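Shared between the two complexes below is chain A, which pairs with chain B and chain C, respectively.
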Partner chain A sequence: MEPMTFPASLDSLSPLRKYVGDAAEGTGLSKEATYKLQLIVDEIATNIISYGYGDSGLSGDIIIAGEVLDNKLRITLEDTGREFDLSKKELPSEDDLEKPLEEREIGGLGIFLTMRDVDNFNYKRIGDRNYNIFEMYIKEHDVPSNK
Partner chain B sequence: MTFSATLEETGSDARIFLKGELDASSAPQFKDAVEQAAAKSPKRLILFMNELDFMASAGLRILIFAKQKMGQGVGIYVIGCKGPVLNTLEMSGFHRSVYVQDTYSE
Partner chain C sequence: MQITIKPEGDIGIATITGEIDSRTAPQAQGELMPVIEKFNKIIMDMTEVTFLSSAGLRILLLIYRQATAKDGRVVLVGLSEEIKDTMTMTGFLKFFVVAESLENGLKALA
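Up next, the complex of A and B:
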């Protein structure tokens, strides 16, 4: 699919999710896996917008690209915000997830949801650009996405 | 789909009907509804999620906010939550702190 560019604003989250849905259409990726990919892209894009750009006083764009490679769908998010490698961030532990809500910390949940569900996640920093790359395997038994 | 959070107060219950997609851009609307509900000191907070199609962690954060704002004595009920939205609640362990039910009757 042709890459698309969106401004780094929370209003772009919905069109970014739609891009993922469109990229998954016809690939054979299941509805469930498509939702997971949309959730991951949403969570990471939220981080890029809020911390990579927002907290750093930067503004810019997010470029999203989708491609089918053999048996997987790859989505790449590219931005020029602050360097932020989510794979190095500490995730909530199993004990944290057992805690009642009144004792919960607010942070880290989105990343936790992200890392558990994606088949492959990769982060690269090249020059002033961040690349967050997500891959989901298209399994033969999956029912095609009918989004 | 556009998000909406509609508050209805019925006796000692505060009911919020959630529709559409709950992400970081729409979460403030949900937070406003929770704050308005909390101001009336209800005994229960009932969240109808049967028409909620998408929920990111921004939505979970508002559930934490609701619990912390209203206090332990106020039960939070999540009604009609299904599919991947329910999965998100369960994966993050939130189903242990709220009452997850298919339907709600007083």
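Up next, the complex of A and C:
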């Protein structure tokens, strides 16, 4: 699908999710996997908008691209915000997720959900650009056995 | 996202439609928290909620804490499979009473 550019604003979250839905259409990606990919893109775009740009006082765009490669759908988010490799972020542990809600810290759940749901994740920083790349396998039996 | 609130006896019913993400979460919080203050028994009818991100989980957490602090009860009605999955994976679901229909939700609070 043709890449699209959205301003780095929370108003762009819904259109970004719609782009993912459109990119998944006709590929055979299951309804569940499509929803997960939309959740992932929402969570990471929120992160880019709020921290990559917002906290740094930067403004800019998010470019989203979707492509079908063999048996998977790849979504790439490209931005010029602060460098942020979410795969290096500390995630809530199993113990944290068992805790009563009274004792919970809410941070990190979005990234936790992303890392749990995505089949492949890759982050690259090239020049002043961040690339967050997410892949979902289109057919259940193509998912590697370790997932 | 839209929220409508109506009382049913001593129960406050909040019906939410649409998507709860980081953009709509502040509005959801602003409209839902007063319901918790006013009623001890709350039903959140989420049958028409099509998307819930971690920003939505944060609101559920706030509602749960507020309700627990005043010995209130919250029932979530009509969660989609996707939202149930998100809540299960983050260890949220087991803390809430869940009902398939509004009728069953009302029974759970009777």
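To be clear about the criterion, the second predicted complex is superposed on the first by the 139 of 147 C-alpha atoms of A that agree within 3 Å, B and C clash if a C-alpha of one lies under 4 Å from a C-alpha of the other, contacts with A are read in each partner's own complex, and residues count from 1 in each chain.
Following the convention adopted for this analysis, contacts are C-beta pairs under 8 Å (C-beta built on N, C-alpha and C of every residue); 3 or more make two chains touch, one makes a residue touch a chain.
These numbers were taken from a predicted model, which means no experiment stands behind them.
When the two complexes are overlaid on chain A, chain B and chain C occupy overlapping space and clash. By the touch criterion defined above, A:30 reaches neither chain B nor chain C.
Touch criterion not met for A:80: it reaches neither chain B nor chain C.
Applying the stated contact rule after C-alpha superposition, one finds that A:110 touches each of chain B and chain C. Looking at the shared chain after the overlay, A:132 reaches neither chain B nor chain C. Within chain A, the residues touching chain B in one complex and chain C in the other are 10-11, 13-14, 17, 32, 35-36, 38-39, 42-43, 46, 49-50, 97-102, 104, 106, 109-110, 112-113, 116. Of all residues in chain A, those touching chain B in their complex are 10-11, 13-14, 17, 32, 35-36, 38-39, 42-43, 46, 49-50, 97-102, 104, 106, 109-110, 112-113, 116. Against chain A, in their complex, chain B makes its touches with residues 21, 23-25, 54, 56-58, 60-61, 63-64, 67-68, 72, 83-84, 88, 91-94, 96-98.
On chain C, the positions that touch chain A within their shared complex are 19, 21-23, 51, 53-55, 57-58, 61, 64-65, 68, 81-82, 85-86, 89-92, 95. Looking at the complex, you find that chain A touches chain C at residues 10-11, 13-14, 17, 32, 35-36, 38-39, 42-43, 46, 49-50, 97-102, 104, 106, 109-110, 112-113, 116.
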